[in-house]
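Alright, structures below, take your time with them.
After this come two complexes, each holding chain A, first together with chain B and then together with chain C.
Coming up: the complex of A and B.
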């Protein structure tokens, strides 16, 4: 009796756990509506099924994706990530974005990029990029511009410290009511932070001690509740001052 | 190729630079000071002789096992200690399965040097029968996660596993008093190893142009450092081993400073290990009490019966009398020859004097009359069924076919020991080989039967 229920009101899946094979949405029931699919979802004719276990998320106009926490990043179009330059080719930079394959960053995918002014990146440079294309079986394509062709914060990151976390933690850091750790840290310290959805986090501040404190606080916060996070940050700040 | 590229871990310029610059301010990226050790956690498995060590992110498992083997010729009364390392690709993508890399070999060597060459484990107490049977202790080190400073973690894992390891008690018994009985742990309490001291490895890294010294480098620091030094010390402050890796040069004064630091850290780590072992042992004895209560066996009364039963079921039985002949073979051959020529009856006593000593090899190098040698082998066959070596029979070896005699001693020995005996006979063969190759061929043929 209860089994037949979910198919009717499929939106109930939002913010619930889904496992691979779950039919998350039925397109036949929601005609003339455009939706955008993020990572972990695929379309089979009229049904949208989950491809991995995690939480189904929905963001206001029409975006759906499955969120989970893992070490390896599965590229999906539209994600902002932190990449490391591995090699330079004539047409592309090869970038490591923690995915199953290296990603290509075309040398012209910079604001005002022409053949004349190709940027020079040393191997090991950290850059903040956006995933443009992520098709299965192909190397993902990256870009250092937003959709309108502006540089918009994308580009190489200088100095600071980069560390790796899980993809879940990086999503938590990016959540819209600012994450409790960052909020607590931001009240007392001033620092710069760049979070990639691939689980890489870059932190920069004037003093190295601040960078170390912030990065360790973030790394420790993974399994803590918001109250615990605040307590932890307070304790860390007390110890250093 | 590209797949490999995407799987390898790489470090950004930012990280490298940051690690170096923050060290100038006496700070390390994980919040430690340069001379702080990471948090050390030692856990033990349910069985004796297995340990799991966590040093920050680094995760190492140590397992100790033992086996009865034939000792080395030059050390007839000493057991052996060997160390094997396994670097799982799970720990670090740069490790290849089944192919020990440079770091795997180096790690094994450092631990080996610290443990074996400082005589930390009493090998003489591992002897069961001189020249014939000793315990061989094998330490397996599995790297489960590489978070840097594998050497120290692996060393601690090895020590922790060794300190909790217990080998089964064994006695000589049986009808002729020459049979080896290995008592299962239910019957007799296994005995712990005798460990004289704990050699603790402490690793230092030298980072940047200024060669800033850090203790217990992490994975990231290892990627940046120009060189490292591992000092192995015990609580008494004895330096057991030093290993200096990497190209960077270090001042003698820095080395002395490192050694002083290391001796302090070695004391701390020894305490941690000892406390962990102590709590494990109390827990173990508590468990044992429970086991005895529940067990049906009344130890005091049926001890003898149980002994016999187990020895037939799953206990190594070794006909030591047979085995001994193989081991002493070379000494005795020569002896037989002497007794034939001189007609004296010193065989028993001289056989003893020949055991294991290098002097027993000398007659071979001088070259012996092959017929006499064959005869001496034959004499051994005659003697085989009897316990004591009787000289009266040695006098008439000519009755026996000279071709058939070289004994198939393997057949008397339990299959478990067969491999050891094989190596044993190999050794013999090569030496006899030096005298007469033809003889070896015949011998081989006979042993294959």
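Coming up: the complex of A and C.
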């Protein structure tokens, strides 16, 4: 019967595919180090096991985490997400951010926000917000300001079209250097885009046909390599121009 | 007027000038009448012979007079159900040594969690949903919940589960440790009884 045993000096799992149950690190062979575990990893006494299927990533000096793409979003502090207003209360707006619970956006969490100029959002307004606190068991806390108190592009998004994707595609769209699909589209078309780490993307352009083209190109690009993405975008643009 | 009868909440038991309101009855200030507040049998208790106020006391005994009901300054054991930024909700399970028969809800507000630095309390670092806490009833609160307080050393979390599912061991006033993984989690810990 094969039991997952930590093998010393084996090729490490970093940047490789792991599945739940794989023992990725053996702490007894690494002493006197502090290791930070990100999402998808769990400590069982001396061994670190993966809890999610995905790629194991490592960043210096000591951070390990499992990167995977899902349709469900788990709120975590510091993420910029696209939320939809569900209800207004006296002190907070209730926002749906595709997480397990509704999030609270305090009515004063806007740049220059005071009791006198509280913004009025209708139910269904799309808002670009930042997650401030996301503790398990509590509703996440949001804000329309960045960490220093400036508005920084957060706030309601008018017009345009919003569609939902997986979290992996959102992260790829936000990666730097620029994602190939967005670079190829940006050379020929002009549009504006907002990407939420919760799997929601908003696109706006002058003509509806541009919006549809950009949205379809992004939705198709999830499983393509950079070369394939450029080819796909070129083919789409050729058909319309 | 003196015989015991079955009464329901809102029934008139007498005038305030003639009877005193005991358990299960109350006086309405507007028209100085004593009404019943429980469903049960009313009974009249004669006043002690040498007291100034010679009015009899009327009491209503409900269907379960021995049931545990939280009263101000009684010690209760509750399970935390929801943690919010300014307060935590808990289901009261026992009042003193007795368990309750019906559902009572309590609220622990941010300023009642501990005695020092009450405005810097982080509710998420004091309680988590599922924790068992020992608290004292501050007041009857409002229609929805009693107000509870854990602001003394002997009140706070007495039992909690870690994220891995094991019962944690208290290691200080503010931390509990999971025996399986060694991780510590912050809680407002009650003094361990020795």
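By definition in this document, the second predicted complex is superposed on the first by the 175 of 241 C-alpha atoms of A that agree within 3 Å, B and C clash if a C-alpha of one lies under 4 Å from a C-alpha of the other, contacts with A are read in each partner's own complex, and residues count from 1 in each chain.
Methods note: a contact is a pair of C-beta atoms (placed from the backbone, for glycine too) under 8 Å apart; a residue touches a chain by one contact, two chains touch by 3 or more.
Not measured: the values here are computed from a predicted model.
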First (chain B), second (chain C), both or neither touched by A:84: first
Dominant contact partner of chain A by residue count, chain C or chain B: B
Partner chain(s) touched by A:101 [first = chain B, second = chain C, both, neither]: first
Touching partner for A:215 - first (chain B), second (chain C), both, neither: first
Partner chain in contact with A:65 - chain B first, chain C second, else both or neither: neither
Partner chain in contact with A:137 - chain B first, chain C second, else both or neither: second
Chain B versus chain C as contact partner of A:157, first or second or both or neither: first
Residues of chain A contacting chain B in one complex and chain C in the other: none
Chain A residues touching chain B - in the complex, by the definition given at the top: 84, 86-87, 94, 96, 99-102, 122, 124-126, 157-163, 202, 208-209, 211-213, 215-216
Chain A to chain C touching residues, read off their complex: 42-45, 133, 135-139, 141
List of chain B residues in touch with chain A within their complex: 2-3, 5-6, 10-18, 21-22, 25, 27-31
Of all residues in chain C, those that touch chain A in their complex: 83-85, 123-124, 128-129, 163-164, 180-183
